[in-house]
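Below, each structure is written out as C-alpha cells.
Both complexes below contain chain A, partnered by chain B and then by chain C.
On to the complex of A and B.
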C-alpha cells in the first residue's frame, strides 16, 4: 500500500509542476500583448471619463494643460494596477499565476454567458458540461465499438475483417475529424435532412424540453466522432488481444477445451484490460484537441465553440481561461490514466 | 536494431503493396505541385484575398464536371483572354479586330456577358463596335460606342472600359436587328440580351426563345483608331455561366483551383520540413540524453516529461495569436511540439546501442563522445527516423490545417485549411456548396494518406516482427 501512496504523491507533484509550467508559459506568450491591450483600455477609459466631466475640463484654459492632466491620470492608474512593472517581474508573474491557478480569469471583453455574465469563469463553466457530455458519450461509444470489433478481428487474424480493420484505421486517421463533420452536415442535414445542421438547440436551457432537444441535436456530432474515432481504437485492441492470444495460458485454455469465444472475450480481453483502460483515458485527452475544432463545425455549444468565438473576437481573457481549463482536463485524464495503470499493474509504481 | 543499407531497405519496402501505393500517391502530389508552380500564375495566388481580382468570376459556381454528375447541362462560365487579332488600314483610319470564337453547347442560356477593353489614345477618340455572329450565320450588332473625347494634342493615355450585357442600348440594337433580319418584333424591356443572342431562330424569339441555339459563336470587336500612336492594349470577353473550372468558385468568386493547386506545394513543404526538423531534433535530444546518462539524462528526461504533458493545440493557438502567423512561424510552432515523442524512443534505442561491444571498442580507442554520438549512434537511427518522418508528416499537415481552419492561418497565402475555414464561416455545408468543402479536404486526406502508407511500409520493412502479426 505504501508503494501506491508514494506513486500517487509522485504523480500529483509531477502534475502540479506541469501545470505551473504551462501557466507560466501562457503568461509568457500572452504577457506582452495582454499588457498592451490592458494599457490601451485604461487610456481610453480615463480619457473618456475626464472629457465627459465638463466642469473639470472647463478649469483648463490651455488644451496642452488638459492633455498633461489626462496623461498624469492615466499614468496613475497604470501604476496603481502594477502595470509599470514588466509582465516578467516576479511579483506580477506570481500574482497572475495565482489568479489563473484559482480559476480567476477576470472579465471577458466581448463574449457573454447565457445569463449575460461577463465573468470568464462562469462562461467557461457553462460550456464545460456540454463538452464533457458530448466527448464522454463519444468516447464510451468508441471504446465499446472498438473493443468488440478489435477482439473480433484478433480472433480471426489475417481474415478480411482483420484487414478491413487495419485499412479503416489508416483511412480514418488520415481525415481531419472536423472535415468529416462538414461532410456529415452536408449529407445528413442538407441532402437527407435527417439531423439538424446546427447542434445548438433553438430553445432556452430553462425549457423542460431542453434535455431531449440537446440529445437530438447531439446525435450527428456524436455519430461522426464515434465513427471516425473507433477505427484506430479497434486496431489497438486488435494488436493487444492478438499478442495475448499467442501466450501460453491461452494455449493451455485451448487444450483444456475452453470454447474459443470464451477465450477471446473472457481470458484475452480481461488480460488486455489494463492497457485498454489506460489508453481510453489517454485517448480521451488526446482527442480533445481535434474534437474542440469539431465542436465549432457542428456549432455544439461547448468549450471548442467558445474557443472558436474567442479567437474570432480576440477575447484574450477567455482564451487564457480556456487554455488553462483544457490543459487541466488534459492533465487530469493523463493523471487518471497513470493511476489506473498503477492500480492494475504494480510494476509501474516503481519506475 | 541491426545494421541496414539503403538497398536492403528498398528491397524490403518494395514487397509491401501499401508502400508502393503510398509512393505513387506521393509522386502524384509532387507532380501536382510542379503543375501548380508552373501553370498557376503567382500573381493570381497572391491576389487570393483581394476581392477586386475576382470580379469576373461567378459566385459560388460548382465545378464544370458537375454537369456530368447531375445530368444538367448548365452553361460553363467562360473568361476568354486570347482573341484572334487582325489589323487593317484605310487611309488615316486603322481598324483593329478582336474576335473571340467559342462553342456554346449547353441547355441553358448564359447569365450575362461582359466585354472589357483597354485602349491608349491621344486626340480623336476611337470607336468600338461589338457584334456577335451566331452558328446560323446571323450577325447581330450589339453596341457601338465612342471613347470620351480628349483635348486635341493631349498626351496618349490608357483608357479602360467595358460593355455590359445589361446596357440599355444593347437591347435596343438587338431588337432592331431581330426585326430587320428575322422579322420578329420583341419588346426591348422584356427579354434579356443573352436570350436574344443565344435563342433558336423563329417566332418564339419574341417571348424569349424556346431553346438555346447550340454551336460555334463568334463575338467580334472592331476598334476604329484615328491617331498615330493609338492602340488596343487588351480585351477580354466574359460569358457568365453557372459552373466553372475544375474546382468551382467560392462565395467570394475566387477560382478554387488556384487555392487547391497552390495548397499542394505549401502543404507538402510544411509537412516535410516540420517532420524532418522535429524528428532530427528529437533524435539528437534522445541520443545525447541516452548516451551521456547520469544527471544530464535525468534533467533532459524530466524536461521531456513536462513538454510531453503540455497540450499542443491550445498552445499552438496562443503562439499564433501573440507571436504571429506567417508560415515560417507556423512551422516553428509545430516543430516545437513535434520532437517530444521521438526523443523518448530515440533515448531507449541509444541506450541499447550504447551497450553494444563495438561502441565500447570505439570508446576504448579514445573517440570523443561527440564523435561517438554523431558518427556511430545517430546513423543507426536513420531507418527509424525515416519511418518516423513519414508518420510525422500527416500530423504536421493536419495540425496546420486545423490551425488555419480555426482562423489562425497565414493570411497572405491560401492553404487547404483556410479554404475550409472560409467554407465554414460562409456555411458551405449547410447551404449545400459541396465542392467548396469537398476538394480541400480530399487533398488533405490524400496527402496524409500518402505519408501514412509510406510510413507503414517503412515500419514493416524495418521491424520484421510486425509482418507476421
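On to the complex of A and C.
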C-alpha cells in the first residue's frame, strides 16, 4: 500500500514538473511577440476610449497636452498590468505560471466563445467536450475494431483474412486522413447526399432534437476516422497476438483443455495488453491535440479548430491555455495507461 | 500388459520449399503400466517431437506421417482430433513441458490455471475445481497460499511443481516429462526428481522422461531408450544399459558424461555433430561419427534382439 502511495505521489510531482516546463517553454516562445501585441492593444484601446469621450477631450485646449495625457494613461495601464518588467522577469514568469497551472488562462485577445465570453477557460471548455465526443468515440471504435479484427487475424495467421488485414493496413495508412475526409464529404454529402457536409448541427444546443442532430452530423467524420484508423491498429494487434500465440504457455494452455477462443481472447490478448493500452492512451491524447486538420476539414468546432484559429490570430492566452490543456490530457492518459497496465498484467503491479 | 505401445511412429516437419525434417523416424517402444522409461539423446534428436506427437500438439509445419499408437489397447491414431482432445489429451496422456519458466500463463493466477483442466476437461464447477486444485498443490508439496499468486511471484522449482500438479490433476495413465529439471539448480532438480518418483509410485502412472541428462534418467527410469537422429538406437533395462552399453553411440554418451568417482579419467566427447535431419546419412545415421564403423554400416542397420528386453540397432551385433 505504501508502495502504491509512493508511486502516486511520485507520478503527480512528475506531472506537475512537466506541466511547469511546458508552460515556461510556451511563454518563452510566445513571450516577446505577446508582449508587443499586448502593449499595442492596450495603447489602441486606451486611445480609442479617451478620444470617444468628447467631454474629456474638450477639457484639453492643446493637442499636445491631450497626447501627453493619453500617453500617461497608457503608461498607467501598462504598469498596472505588470508589463513594465520584461516577459522573462522571474516575477512575471512566476505569476503567469501559477495562474496557468491553476487553469486560470485570463482573457483572450480576439476569440470569443459562443456565449460571447472572452474567458479563455470558458472558450476551451466549450470546445473540449466536442473534441472528446468525436475523437474519443472514434478512438474507442478504432481500438475495439482493431483489437477484434487483429486478434481474429492472428488466430488464423496466414489465412485470407490475415492477408486482407495486412493489405488494408498498408492501404489505409497510405492516405492522409484529411484527403479521405474530403473525398468522403464529396461522395457522401454532395453526390449521394446521405450525410451533411458540415459537422455542426444548424439548431441550437437547447433544442431537444440537438443530441440526435449532433450524432447525425458526427456520423461522417466518425466513420471516416474509424475506418481509416483501425487498419493499422489491427495489424499491430495481430503481430502482438501472433507472437504470443507462439509461446510455450499457449501450447500448455491448449493441452490442458482451454478452448481456443479463451486462449486467443484471454491468455494471449491479456498478455498483449500493456503495449495495446499504451497505444490507446497515446492515440487518445494525440487525437485531441493533433486533430487540427481533421476538424478543419469536417468543420468540427473542437479543440483542434480552436487551436488553428488561435495560432492564426496569435491569440496568446488561448494558445497558452490550449497547449496547457493538451499537455494535461496527454499526461493524464499516460498516467491512466500506467495504472491500467497493472490491472491487465500482474507482472507490472506495484507494491 | 503395456500401457502405451508405439510402432514405427514417424513425425516430420515440412518447412516451405525445403525437404522435410525427419525429426521422429520410425520409433517403436512399449511402456508398461506404472513403469518409467527414459528417452536420452542430444538436443535435436527428436525427443521433444516424440512427446508432442504423442499429444498431437506438434507445432506447424509438423505432422505425424505414419505409425501406430495404442493406449491400453485402444488405437489412438484412429481417433479424430475432437475425440482425441476429449478422451486422451491431458486425461490419459499429459505432459510437463520443457522450461517451467514459460509454461504458465503470466496473466492468470496459479489457482485459475490449475482449475482450467478440471473445468474444461471434466466440466467441474469452479468451486469444486478450486478445492481439487488445492489438493493437487498439497500433493506436490506446495501450500494453498499460492493459489492467488501469479507465476512471476514463484521460484523456478515452485513453477515446476505447479506444472506437475497441473499435469497430474486428471490422473493420466502416461506422464510425459520433457526435460523436467533443466534450468533448475541441482538441489531443486533432486527435489523434483524425488517428487516424480514418489508420485509415480503413489498414483501408479507411467512416466516417459525425455532428457539429455544421463544422471536424471538413472534416477527414475526403469528402462532407457537411446535416441539418435530421430531413431531409437538402443533400448533396454536401465541397469543393463548403464553397466553394459552395446551401441557405439550409447557408449559414447556414457563416456562423455562426467563421473564423481571417475578418478583421473576425464569425460571424452563424441566427435562431430548430429546429422542434418532433412538429409540424414544413408545406412546407419551414426556412421560418420562412429569409431567402430564397418563397411556394412552403409546399409540400414538391423534391429537386433539381445534378450532380457534389450534391443540394439547396429551392424556389430547383426
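As a convention for this text, the second predicted complex is superposed on the first by the 311 of 351 C-alpha atoms of A that agree within 3 Å, B and C clash if a C-alpha of one lies under 4 Å from a C-alpha of the other, contacts with A are read in each partner's own complex, and residues count from 1 in each chain.
In this section, a residue touches a chain if its C-beta (ideal position, glycine included) is under 8 Å from a C-beta of that chain, and two chains touch if they have at least 3 such contacts.
It should be emphasised that the depicted structure is a prediction, and the values quoted were computed from it without experimental measurement.
Just checking: does A:248 make contact with chain B only, chain C only, both, or neither of them? Give me first, second, both or neither.
second
Quick check for you: in the superposed arrangement, does A:105 touch first (chain B), second (chain C), both or neither?
Neither chain B nor chain C is touched by A:105.
Quick one: is A:256 in contact with chain B, with chain C, with both, or with neither? Answer first, second, both or neither.
Touch status of A:256: second partner only.
If you stack the two complexes on chain A, which partner ends up touching A:344: first (chain B), second (chain C), both, or neither?
Only chain C; A:344 stays clear of chain B.
More residues of chain A in touch with chain C or with chain B?
The partner that reaches more residues of chain A in the superposed model: B.
Based on the superposed arrangement, let me know which partner A:267 touches: chain B (first), chain C (second), both, or neither?
Touch partner of A:267: chain C, not chain B.
What is the contact status of A:230 with respect to chain B (first) and chain C (second): first, second, both, or neither?
Once the two structures are laid over each other on A, A:230 reaches no partner at all.
Chain A touches which residues of chain B in the complex?
For this pair, the touching residues of chain B are 305-306, 309-315, 317-319, 321-323, 394, 398, 401-402, 405-408, 420, 423-424, 428-432, 434, 437-438, 441, 444-445, 448-449, 452-453, 456, 469.
Of all residues in chain A, which touch chain B in the complex?
Where chain A meets chain B, its residues are 14-15, 17-18, 21-22, 25-26, 29-30, 32-33, 157, 170-171, 173-176, 178-179, 182-183, 185-186, 189-191, 197-198, 239, 242-243, 285, 288-290, 292-293, 296-297, 307-308, 311-312, 314, 319, 322-323, 326-327, 330-331, 334.
Hey, which residues of chain C end up touching chain A in the complex?
Residues in contact with chain A: 55, 57, 59, 85, 89-90, 94-95, 97-99, 102-109, 113, 116-117, 120-121, 150, 152, 163, 166.
Help me check something: in the complex, which residues belonging to chain A touch chain C?
Residues of chain A touching chain C: 247-249, 251-259, 266-267, 270-271, 273, 344-347.
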